[in-house]
Each structure stands twice: as structure tokens, then as C-alpha cells.
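By written order: A, B, C and D. Residues from 1 in each chain.
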């Protein structure tokens, strides 16, 4: 019998990071009576020479998380918020370059979109929150290379036809009937990694990139005649890789939001794919990465957002 | 000393109601390759001659909650879902008129809106969930009179200027500085009661009424130069009463989603109403009813939705 | 055809209230190295002569919600927190008696319980949050009479046998099979109203009353052989009325957390009430008031907590 | 300027997995009138030869997620639920050994604990949900090696003294005053990896291991005089490594649930560490791995639970 444990060996510190999470910053930019709003939730995570604070409690290398919060608000004034990605780049660069013990900074941002309310009065400073998806950005910097991963979550989509599911494996626990016309619905959680990694190269246009990537994933979802949610997922990722040169990797986590046709026969009624129950749990969960051929996969298997 | 308690007196049953809550029904209507979707969450609540089931456990008067669930799905097929309100009227009438022990039915409905995804292919059966507000409807019927209360929740709005707050009472616990240009933001929860109460009168156009009422409340929020959130609330309600003859009562619950200007002076920066922290808790909570003069207030003080 | 609407009539203000909601206050009391903790979420709601702030925006009668927040924290120091109810009584009395325009104050409190962590070191100042239920208290004062309603929410209970459901009404939409041994589970939300209403009478012992009422409702749930959840609910309420003289009214909202036996026959297995699926939605919802005979029902039909 | 993008390269499939998430299974074991309950939320995730279903939509290698759900319920009958870990091992082994295209199975389980309700009647089949923490288990099997990671989340703990924070880095954005007696509170999310990896070795006693590990982390939290949350975190991990031979790696994610002393001076009161505001956002977030020396770190940087 092999022995794998080593109880005599003591504990040591492994990977660690710290910072202030969920700094809610709203930036109003006034162009006369026309206002613009950026509404972010910013989380800072720093790593580096942090052994001492763990082993002895010495904070000599620790920039307080409260300071990282202050920096978020100060930078909103100093740099403005052109895009979530650009704002994160300013922050990450600052922490790594201004604090010797900090070797890596990761900034995570949620962005909430606002539309304008139409009014009869002059000026444009009334807004209604666009509740659809939450936009995401993660910026990581180690003093040399950048990694930018953008994405979204909570985008709920549905095709009410053009979806089938049959020809699958049947074992002794299989009872599912095959389906030749079903609803396909999911709540998209997606992340995409940019191939921009160093300051010597020109940055992507982050706002345009987001808008176009979102459009491609929505259209691929809608235009794919689906034989499985896996196939639809792959088409969504491939469409982005094919159309957006700045992106090398996409990962999706797609819960299959089941819509089951209700059996109305006990009531003498025929349900011709008209009446569905929208189920909560359990749900199929389909997750995959789509890569530009030859590129490295770096987005973690399990997506997280804060 | 007055004596108010009567410990010798036994327990008796008071108001009671029961039913199946949160039946998630999705109805697809196919007009060739163009599909239409109605997505509801329906809760049924029945009252009547229900003493025995409470006192002895006899279910002789009890239509099972499972049956009320089945009825929701069967009616989606039998009647379709023209509007949440009309669907609730069908259900409430059925329970009260078909079951002798049931004297009152209350149907509560949440409705989730879907937009179409633009595609290049033929047909129109791809949708993205409009995440903004949740539409609400409550239909109550006692066999004679109807009460219909519609509404919405989770509609987040913001004015980035044209809001002040000053001239208030100052006591020994008051530290708040007066504000002459602040952000005013809230998450609107509103309910409005229709004056349609009997079958002899023509029903309102429920879909048009919702759309117009929502428009008026948004515009009143945006167009009111605000000296307090109470004033804005009243204007939102009065605008609806003035423009929608079918509505006699409106109630709003408006949390003041505080956006505090960040003090940037410690960093040598001036915050000219540009950078705000969006706070979570605590929050001001402003609640009020606006009535058509002479009409009775029937919407409860505390709004609930399921 | 009757005419019920009066479009010509203008809008007027109805019931209204305002205050700061969800003030999170933690009070540490130090008895040497032994510490005690009270952890509350306090919401203040004030009513009175508030027409002007709604009609014209004049804040001359408005004590700012920020001040009500400050008062919560100051009173935690000045009076301590003996119990949620007693703390709410101090607050409500203060607002009504110190501010002429305020005619009614309602204080709502959530309380989170903490247990001690056993340690080998001296002192007792380490705690783990008892996550079971949230305790609730609502104190209302109009300058003359008190109304105190206490309660709890989120208390999940289950009987794995001694529950049946049969003998119910069957209509054309009924498909449910009768059950002679089922799981009965619910998430208790309860409120109970005290008959203490004026300062001339001695207050109940709020802490003991809560502890005993909670015990009685748990035991009544466990000890009732159930023929319907309505019957169990009534027994829970009646047990409280019978044992607690200080309480005249109880209301429960009990979602029937369905546990359905899984059909294992397709897999050649017999499910002898062993394996259940715990369902989310929909759920039966049973709500009722139990009163001391002759007492007035004052707890609203729909329970709310903040 | 370096060129890093390769727009001409096509999309390819990367890591992928699928299965049914959040299967809610409740198992009642009857020992006469004494019942025992296991209450789990089980998520299945399978990987293997799944290229075709992504590229072409062929489901020839796909065991339906519905079948994985059925298997969970059937196995609860066939094997019982001795512990979450043992149950996951049965499931993972089944999927990998019975389905040729499946090369790896990962089972994730949440477990909800129940206590007994004390009653005067015979039998023991009434329960109240212990709401404190949620227990977690993750079992991964590739046909050769096992990886078992257990853990918990939502365990809220607090020390009301014996915590300081000073001696930290001060830059131009630092405004935080040093603290020499503060509240330290966090909501523990922890994961620990077992060194049991192959069937030839004897399995740990999963239930006892959980109970002891939880005890050690609680005591280390309570007994560490804290100079920083990082130090406390390390002590919690090291205590587990030192006392539990079966565990080689621990990772914690500890939000610093800030409790700020309220400034009562404007009201003429002194706050001697008695009255605190419990803040929501933002919060410090401290994350780290503690390893047995020489062992590999395998728990991902970002903890996820379903």
C-alpha cells in the first residue's frame, strides 16, 4: 500500500492575495446639461511579498485594503472612466509600479448599463437602469505582461423552436424521451480573453469590442439550429473567434434553463408546444472553452466574477 | 391599571387563505415562423369555508393546491394569455364560481418581458429577456366585485442633477449637511388600482394601460425638479391619476438609493459632483399613496408581490 | 351600466411614511473579558403632518432619515439593547414625543443570534452566528397606545412521517394522488401580537416570551399528527395562544416545501419513502391568523419584515 | 512591435464538461420510529470524448444530463448516503467506469444539516434545519486517481476584541487610522484537500474529519490574537494541517466583515468600543492557501461551490 501523506511536515503558505472587494463607484461626466454615467463595482486583489503578514502578522508590506478603495475613487477623478478595461489598467499599473512588495494586481469590474429616459424638458440627465446583463472585466498585471478578460453574465436568451435533442446514449438510468422541437433557453455567462498583453502594442477599442462580441454571441445563439446546447455553445464561441481578431479564447457556462411541455391530456387538452413550465432546479450545465487554434487556454474552468 | 388580556379565552381561527404559489408558465403563440411569448409567475390564493381543515384536518372543502397549479397550465391552453390581468380574471372567476366553499380568489402574477434578437435568418423565434422591471398584477374576486391592482418592481432610475435637500428639521442627532445639487436615485416599486370592478362595465385595455402608466411615472420622475423624494413620489402618482382615468389609487415604495459624493480632498483633488459612492444600507425609504379625490384607499401600506 | 370613475377629480395624498431602513447596529457589552453581543437591523418609519413635503417639497416638518439613523446608534449607547422590543420602544417614544409633526413611529427590527465558540483561552469574546431563524420585532406608537408584534422567519422544519393528505375535493383538473405517509416541511414565517398596549401596564419579559413562543411553535409542529398543513398551522397558533397570556394574535405564512418521493421503478428499485426530491417552485402556501377569542385581528394578511 | 494575434487561425474546442447541476436529494433512513436525514444538493460534471457534440451536434457520446439526475436518486436508494464524500465517490466511479466516452467525473455536493426537535411524544422524526454553515464536498475521478476536496461556506464568526491593525504601508491615498482594539469578523469559505487518492489506501472517516476540521478552524479563529486577518487565516489553515494528517492543503476566502465604531461625539457621547455599524460593501477580501510542506497546490485560486 502506497503512503502519500506526510504528517510530520509543517504548514507553509501558498498562493495568496488580498484587497478591497466591491467598491461601488459612479462617475458622472457633465457635457453641459447632457450627463454621462459610468456605474462600476470594482474589486482589487494584490499579491507579492506577503509572507510576513501571514506568518507573524507584520503589516510592513501591506497597503491597507482601505487605501485600495480610496485609490479607486481618486482614480475615477484623476483618469475618468473611459471603459471598465481602461480604468482597470490604470489601477493595476499603479499598484504594481508604486508598491515594491506588490508583484501582481488583479482588478475585477462589474459594469451596470443605464439608458436615458425620454423627457420633454431640456437637458439629458435622467436615466433608467438597463437591467439586462452585467458586463465584466478582469485586468491582471505583473509588471511586464497584461491579461485582460472581459465578459458578461445574467444574459437570458431563448429560442422557442429550432432545437432538438436525440441520438444520445441510453443506459439503465435513462428515461428521457427524445425531443424534435423543444425550447432552448439559457442564462449566458461568458468570458473572453484578449491577445493584447503588452504596452508596446495598441490597445483594442474596449467599448466597441464589447458591443460587437455581445452581438456575435447573441446572433450565433439565435441563428444556430441546435442539436444540443454544446453545439450552440461552440458556435457562439467560434463566431467570436472568427470575427474578433483581438480575442483568442472564449469560455461559456450555460445552464440549460429547462422549459418542459406540460402534459394537458388529463384535462382533455392537446399541448402542441404551446404551454411550458419553466423549471428552476436541477438544470443541465454546459461549460466549454473555444480557443483560437494554437493559443493557450488561460481562463479557469470555473467562472467567477467578483 | 387596565386589564387587557383574557388568558382564559380559547384560540379561534381568523383570516386564512391558501393556494399554489409561483407557478411558472411560459406560453408560446405561433403565428407561422413568428412566435410570441408570455412568461408569467402565477400565485393562487383561495379563501372561504375553510374552518374544518384548520380545526379537524378534514379536507372535504379543500381543492388541492396541486389542482390550482394544474388549472393555471390548462387555462394557458384554453384561454391563452392575452394579458396578465385578463389571465388572472379567468382564473379567479373559475375558482369562485366552480367551487362552492371558495368565496374569494386572489391571483398574483409577475410578468417577465422578452425582446427579440435581431437575426439574418427567416422567422422570429429568438428572444432575449428584457431585464429591466418586473410587471405585477393582482386580481381579486369575491363572486360579485373585482379588484385589479397592477404595478411593477425593480425599476431603477436616477437623476444626476435637479435634486436638492435642505430646510429640514435639525435636532440634537442631526449631522447631515444640506445639499443643493445631489443625485436622486431609487428603485421603483409601484402599485395602481383600477376603478373597474364589475363585469357590466367594459374592461380597460390592460396592455396599453400598463405601457402608458409606466411612461407617465418615468417622465414624472425625470421632469420633476426635486426638493425631496416625497415630492417626486407625489408627482409620479399625481401624473398617473391625472392622465389615466381607469386608475383611482397609486402607491409607491421608493428606497432612496443614496449616492454620496466622495471626499477627495485628502488626495488633493476636488470632487465637483463627479465621483460618488453608491451605498447599499441603510437607505431612506419613502412610501405613500396618491388617490383620486374622494376614492377609497385599498392598497395595503406595505407592498408585497407574491 | 354603473359609472365608477371620476376622471375630473384631482389627485390627493393618502397614507404616507418615511424613515431610514436597515440600520445595522452591533452592540458589544463588556463584562470583564466576557462580552455579550446584540446584532440588529433597525428600520424606522415615521408618519404625521407631512402634506407639505409631498405637495410642495418643503422639508420644514421633515426630520431627515439620516437623523433617524444617527438616533439608532446614539440610543444603542444611551439605553443599551436589552431586547429588540425594548430598544424599539425607546426609539418610537423618542420620535413621537420629541417631534411635533410626527404622530406615529413604527420601528422594525431583525435580530441575528450568535453563539459562543468554545475555546481553551481565558475570556469569552468569540462568537459564531447562529444561522437558524431571524427574529423579528415591530413596535408602533401613536403617542398613546403601543402595538408590539414579534416574530421570526426562515425557520425550516420537517416531519419525516406522521403526515397525511387525502379526502380533498376532486375536480376536472385534479390529478394528485392521495398520500397516507408523506414528509411535511415548511419554512416558518410567524408574527404574534402582544396585548400590552399602554405604559401603565407592566411590559412582558420580551426575551423569555420569544424563547417560550418559539419553543411552543416548534413543539406543536413536531407533535401534531398532520392531516393537512392548515391543521398543523392552527395547532401551532393555538398552542401559543393557550400558553402565552401576553399574546392575543398569531399569524403564520407557511410554504409547503414539497418533498416528492422519486419514482425508482424504471430502475427496478422500490422507493419505500426513503428517497425524495426537495422541490423549489411551485409550492403550496398556507396562511392564517389564530386569535384569542374576542380579540381583534390587526396583523396584516400579507406578512412583511423590513 | 511584437505581433501576438493570429486572426487567420480557426476556432477549436478546449476544456469542456457537462452534467446536471443542483439535484436536491433528501434521504430518510428509518430505524424504527427514529429517523435519520441526509439533505444534499448534488451537481454532476462529466468530461471526455465530447468533440463531436460540440462540432456537429452528434449526441452519440452524450449520456443525457437527465440520466445523471436519475442516477443520483437511484444511487441514494442503492448505496444510501453514508457521507457526502462517500456518495460522490460512488457516483463518480459509476460514470467513469460505465461510460467509455467519459474520462473524468466531478461531483459537487452541498449538505444542509438538521437538528432534532425535542418532543414529548415517542419517536424521533421531527427536525429543524441547522442554518449555520453549508458543508461542501467535491469528488473528482479520472479512472485512476481520486481527488477529494471538502469544505464549508457561510460560517460567520466574530471576535469582539483581541484584534489590532497597525504598522501598515501609508501612501498618498492612505487615510485609515490605526486600530489597537477592533472587531474581527468574517464569513468563512474554506476548502481542504485530502491526500487520499487511490482505492488501495483506506479512506478517511469523512464525517469525523469534517467535524474535527471545523472545530480546529473555529478554535484557531477564536484563539489567535490577531494583528491582521492574514495572520488569522494562516493560523486557521496551519492548525488544520498540524492536526489532520489526512489533509495536505487548505484554502480560505475570508471577507473582512467590517464593523466600524460609530462616531458618537457629535451627540456628546463617548463610544468606548461598544456601538458598531456592520458594513456591507466594500469589504476587505483575504484569500490564501496553506499547504503541507512539499505538497502540491491544487485548489483553484478562486473558490466556487456548485
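In this section, contacts are C-beta pairs under 8 Å (C-beta built on N, C-alpha and C of every residue); 3 or more make two chains touch, one makes a residue touch a chain.
Everything numeric here is computed off the predicted structure, so don't read it as measured data.
Looking at A-C and C-D, the interface holding more C-beta pairs in contact is that of C-D. Seen from the Cα centre of subunit D, the chain whose own Cα centre is farthest off is B.
Once the centre of each chain is set as its mean CA position, subunit A and subunit D turn out to be 21 Å apart. Each chain gets one centre point, the mean of its Cα atoms, and the points for subunit A and subunit C are 38 Å apart. Centres computed as Cα averages put subunit C at a distance of 31 Å from subunit D. Across the assembly, subunit D contributes residues 23-24, 70, 74, 173, 175, 266-267, 280-281 that each touch 2 or more other chains. If you check the complex, the residues on subunit A that touch subunit B are 23-30, 35, 37, 39, 70, 73-74, 76-78, 114, 117-121, 123, 125-133, 154-162, 183, 218-219, 221-223, 259, 262, 264, 266-267, 269, 271, 273-280.
Partner subunit B is touched in their complex by these residues of subunit D: 172-173, 175, 266-267, 280-281.
By the touch rule above, subunit B contacts subunit C in their complex via residues 1-2, 4-7, 9-24, 43, 45, 50, 53-67, 69-71, 74, 98-99, 101, 165-171, 173-176, 195-198, 200-201, 226-228, 230-231, 233-234, 237-238, 241-242, 245-246, 248-249, 251, 255-256, 281-295, 297, 300-304.
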